[in-house]
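One structure follows; several queries about it will come next.
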Amino acid sequence: MKINKNKIIEKITEGALFISASLSIFVTIGIIIVLLFETIEFFKEVPLIKFFTEKQWTPLFEDKHFGILPLLNATILTSLISMIVAISFGLTIAVFISEYIKPEKRMILKPIMEILAVVPTVVYGYFALLFVTPLLQKIFPDISTFNALSPGIVMGFMIIPIIATMSDDAMQAVPKWLREGGYALGANKFQVTTGVVIPSALSGIMASFILGVSRAVGETMIVTIAAGQMPNFTFNVLEPMETITAYIVQVSLGDTPAGTLEFKTIFAAGMTLFVLTFVLNIISYFLKSKYRERYR
Amino acid sequence: MEEKNIRIEAKNFSAYYNDKIALKEVNFKIYSNKITAIIGPSGCGKSTFLRSINRMNDLIENFSVTGELLLDNKNIYEKETDVIDLRKRVGMVFQKPNPFPKSIFENIAYGLKIHKMYQNYDDLYMKIENSLKEAALWDEVKDDLNKSAFDLSGGQQQRLCIARALVIKPEVILMDEPTASLDPISTAKIEELIVKLKEHYTIVIVTHNMQQAARVSDYSAFFMQGEMIEYDETAKIFTAPSNKLTEEYITGRFG
Amino acid sequence: MKEKKLIYKIRDNFFPVAGLFATIISLGVLFVLIIDVFKDGYLRLNWQFLTSYPSRIPEKAGILSAWVGTLWIMVLTAFLIFPIGVASGIYLEEYAKPGKIKDFLEINISNLAGVPSIIYGLLGLQIFVYSFKMDRSILAGALTLSLVVLPIVIVATRESLKAVPISLREASFALGANKLQTVIFQVLPSAFSGILSGVILAMSRAIGETAPLITIGALTYIAFLPTGPFTTEFPFITFKGLRDFFTVLPIQVFNWVSRPQKGFHANAAAGIIILLIISLFINFLAIYLRIKFEKYMRRK
């Protein structure tokens, strides 16, 4: 009898823990259903072709156009700028802390770098709008108060820790004997770093880049505050533009009743965003598990 | 001739990790209140055999066995076996001392608490005191039972682990290279303790130290590549082994 | 020959120099940011600012409803993510057998960690606000934020459990303890400070989250406080406040940044100073616990 009681308790616990863990699956399903439902409703009224080809996004105006391109363009441009900053700084820092400084210093520098990722994004938004943009005005006199460049740069700094720490982890996972093999061939530190360590850690480094892109694409407050809330299909990064995320905020701030077409647009926009980041996250996940497996 | 009770018996007992065989058709009798040493080169399956007796290997994914392994004539691997009860009856001491990150007192109390083996605090305290005495540690720690177990020396930690195993009154104690990580003085103390313990317990000990096997054990089994090569009284194994491989091993020609 | 040597020299010193440069610039940006908001906002940091509701006149406005809202949301979020996150972590690390289900759960959580927080806002809007009819309440906000940061807690729990040596589990099992006893009495206490560090890290993320709360419709102008949790009548505690509307610090800051007047920008900066102090403090607490945990683990 005692055996049974024990076994039953074990089973119940395991069941309860499993339910907790599977909650995460319901969250994913919930996201997909919620987005899909409203998106389908949206496409009943707006043809898919128009959504992807029209160059105007004016759902809140009299003359309504539903082309996602201006929003997508703004999202891509700001992300691109941020990645230029984040990759060049993040990777250099990663190599530096992984290969060139003592482990003790590394242990101190890493958490300090992480602070960049802890600063709330509204704070970065404030900084971009009221400090960086005026600064850029001195270089580009015709830059607008709202523009893509300033939030892009600031967002880059926010993403540096993601790339620096993940790439550092990947380089740390490169086994010692591989490095020593390089040195044994008479290579110096620079050659071993660029010829052995970085190539061996490449899948982990790529994973960090892609996760960085995903973060940039989904970032909301910095671009909402500093890039503006005006859909604008342009490649001029000195002009104001509105990202997908900023549009969702813009609509949420207003009193848009559920069920209206305007309301549905934020779900269609959200769906676009979700699909984009989903693909990026999955690629990043598999790249990461690739390097984890290799050097186990 | 003294009376010999069989406590553990392996009958054509084989063990596998995935599809890799680790023990091949082992046949083996372990007697009550004796110390049985298992010796053999690294990777020959000593730990595997030991950890089969208390089903510690259940924790390993894809471990499987065939044949029979009997404790008091009941198959350890039959479906009805209550593993909890089995492990209560078969205690284990590991190679590296692994006390819990708690006080000395709590380390020993744990087993009594999970099996609800005490009436009140006085009873708990008394049982803890007795087991520490049994493990020859009491005199060294009686004044600070609330000290962290990590503040003890390696040898003291190992005796604490022995006390922890003793307190729930097992019948069999398995020891997997219990002195491998200790200095010679601590080792001597533990060996002395092991010999004393056989009065009340059946002990199976794995060791890489030939002198240790010769010093403490009554019976010795020599394993090689998963097979049991020879099994006999320790005196016989170490003076006149019947198998050439055994002889080569104990005289240190390989392993 | 000499030229080549120079090129080599530049090359070999590239990473140490550029790395140091990049590190200094990054931390310099952080430094400038802090100085900038401090310079803009310190004059507004006073008692009146902490105890006033928002107002149309910048000098009269304050963050009372915002910090109270943040406090409510934080406490509630902590209560929600702790049990669920830890239980999920325990399941994945201690119970789940390797295989398809475990792989699927892992990919799923890793993906959820990367889903933009604003998407959780859309989820919260449809599910909590509309379907469960919670309206734009504190409860809806806390539930939404909990989903955002849950993956952080799960991952941190798993990492901490992973760091607990197998020998500790073996010692417990060898004494005849079952899995539940082993997890509760041995593994969890050992992993506790690591897990706590993860929960606190999640809080430091949650406190700065703005977008999902805006999306579920948290208001930017709130001139009242939620019903307090304590009452004079039995049972002395009430959960009525959970149903109330709310705002939080970052939303208040966002609102002030979005206005053209300089006076509001000063208010935003002052709000940011407070927000930064809280989130940096929480973050340092998490790091401190993490270091303590790692030290503790190394003793074994």
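Labels for the chains are A, B and C, by order of writing; each one numbers its residues from 1.
The rule we apply is simple: a contact is a pair of C-beta atoms (placed from the backbone, for glycine too) under 8 Å apart; a residue touches a chain by one contact, two chains touch by 3 or more.
Computed from a predicted structure; not experimentally measured.
Counting C-beta pairs in contact, the chain pair with the largest number is A-C. Central chain (C-alpha centroid nearest the global protein C-alpha centroid): C.
Centre-to-centre separation of chain B and chain C, using mean CA positions: 48 Å. Between chain A and chain C the centroid-to-centroid distance comes to 17 Å (mean Cα coordinates, whole Å). Put simply, the C-alpha centre of chain A and that of chain B have 54 angstrom between them.
Chain contacts: chain C has residues 178 touching two or more partner chains. Among the residues of chain B, those touching two or more other chains are numbered 84-85. For chain A, residues that reach two or more other chains under the stated contact definition are 6. By the touch criterion given at the top, residues 54, 56, 59, 61, 84-88, 91-92, 94, 96, 98-101, 110-111, 114-115, 150, 161, 164-165, 168 of chain B touch chain C in their complex.
Every residue of chain A that touches chain C in the complex is listed here, in rising order: 6, 9-10, 13-14, 16-18, 20-25, 27-28, 30-31, 34-35, 37-38, 88-89, 92-93, 95-97, 99-100, 109, 111-116, 118-127, 129-131, 157, 160, 188-190, 193, 211, 214-215, 217-221, 224-225, 245, 248-249, 252-253, 258, 266-267, 270, 273-274, 277-278, 280-282, 284-285. On the chain C side of its complex with chain B, the touching residues are 97-98, 165, 167-178, 181, 185-186, 189-190, 296, 299-300.
Contact residues on chain C toward chain A in their complex (touch as defined above): 11-12, 14-16, 18-23, 25-27, 29-30, 32-33, 36-37, 40, 83-84, 87-88, 90-92, 95-96, 104-105, 107-123, 125-127, 130, 147, 150-151, 154, 178-180, 204-205, 207-211, 214-217, 220, 250, 253-254, 257-258, 265, 268-269, 272, 275-276, 279-280, 283, 287.
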